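Letters A, B, C and D mark the chains as written, and numbering starts fresh at 1 in each.
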Amino acid sequence: MRVKLVYFAWVRERVGRPDEEVDLPDGVATVADLVRWLKGRGEEYDYAFENEAVVRAAIDHSHVKPDAAIAGAREIAFFPPMTGG
Amino acid sequence: MRVKLVYFAWVRERVGRPDEEVDLPDGVATVADLVRWLKGRGEEYDYAFENEAVVRAAIDHSHVKPDAAIAGAREIAFFPPMTGG
Amino acid sequence: MTPIVRIQAQDFDVAAEIAALGGGRRDIGAVVTFTGLCRDEGGRLAALELEHYPGMAEAELGRVVEEARARWPLQGVTVIHRYGRVLPGQNIVLVVAASAHRRAAFEAAEFLMDYLKTRAPFWKREHLTDGSMGAWVEAKEADDAAAGRWAPPG
Amino acid sequence: MTPIVRIQAQDFDVAAEIAALGGGRRDIGAVVTFTGLCRDEGGRLAALELEHYPGMAEAELGRVVEEARARWPLQGVTVIHRYGRVLPGQNIVLVVAASAHRRAAFEAAEFLMDYLKTRAPFWKREHLTDGSMGAWVEAKEADDAAAGRWAPPG
């Protein structure tokens, strides 16, 4: 499955890029699976997700929990807790 | 004791004047006494104060309860519940 | 900080009042405004006539403002209440509360409106679109209840 | 009623937004505005840099607005959030809620701010007056608690 990943704020800084396209292996079914898979790709991802519980995720512009299925997703975002307003 | 009385909204309309100066006899010590005394003066006052519990009072620009002493008052106001805002 | 309390016949400009209250300060984080307007009540109402008690209106609004300042850390507060004839769609009352944080600004503005409704000596009378003089607006029990939910300062 | 949701770099004009939302209506009784401003944090802060997630920011603010409309009888609602560099004393966010009665307008405005704080994809970074790049602002637990006090719609 091919999907676009986007990163914001310090997650973006730690990963070292604002976005990327990735090809996911079959076992990667949920957001939590995706995070685990990314952490295996290099230390920048390990650093970005060092405290997994803190990083939030969205699929196609909607907030999701770690157990959310990613099948059919076009764009998956990772970012810190929001501080707008 | 000489004091100025002022009336507002439908209390003013029922009494038939916006204000007046009155000389109070010695027994009139509280706002409730004053209302009783006024009701003895004529039917316009009887009409204005027909439901005493509804009419509010202020002494020298501060809200007061019926048992408030009126000694030293310069201006006593009577008016309906407020509807500003 | 000098609170602004005004009783006036003319309309007010919300943006100008926010600007006057901010006045170049850089420590304000939150400004809440409340504007109360005259409704046409489904076309029944031609205007509201607002009677007030000059002198006491200023004094009472001043006391309500001081009570708000004692309860919340406000950096600015403005209360403006109009009197006289007000047409549907026009402004009646403005409350502005500024603070470092939003909760204080929201609470203070709501407190000011709740207290003002039940304590400021203003009375509304309706003028109807059929040309007749309507009734004096009756006070709402809901307004007393709203004012009552603010416990005395601790 | 068409809600207004805008994400923009430029500043906004509170008075113009109130006027746009009112738009000659005569049935609005209460308008509450909330303006969030950049504080200088005692002189420490030179600016805030606001990063956002284009597309999702609009979508999420739209969802928050729809939730407010489902909960309160609103006659108008506007949410404007800036991005980019904002200086102390300048505006960051505007919420406007209009209703026939004040309680609904106050509650909706406060709800919109509480929800927006924890759900709208914006992130603040500090630029300091000593010329250095400051830290990303940390989310506050108090904001989660504030959003949590609004029970799910009944």
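Rule of thumb we're sticking to: a residue touches a chain if its C-beta (ideal position, glycine included) is under 8 Å from a C-beta of that chain, and two chains touch if they have at least 3 such contacts.
Computed from a predicted structure; not experimentally measured.
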| item | value |
| --- | --- |
| Common touching chains of subunit C and subunit B | none |
| Approximate Å spacing (C-alpha centroids) for the pair subunit C, subunit D | 23 |
| Subunit A and subunit C, separation of their C-alpha mean positions in angstrom | 48 |
| Inter-centroid spacing, subunit B versus subunit A (mean Cα positions, whole Å) | 72 |
| Cα-centroid distance, subunit A relative to subunit D, in whole angstrom | 26 |
| Subunit D, residues touching no fewer than two other chains | 36, 102, 113 |
| Two or more partner chains touched - positions in subunit A | 85 |
| Set of all touching chain pairs, with the criterion as stated earlier | A-D, B-C, C-D |
| Subunit A - residues contacting subunit D, complex | 6, 8-10, 58, 61-63, 77, 79-85 |
| In the complex, subunit C residues that touch subunit D | 13-16, 18, 22, 24-40, 42, 88-89, 100, 102-103, 105-106, 109-110, 113, 146 |
| Complex contact set, residues of subunit D against subunit A | 36, 50-53, 55-56, 59-60, 81, 92-93, 113, 116-125, 136-139, 143 |
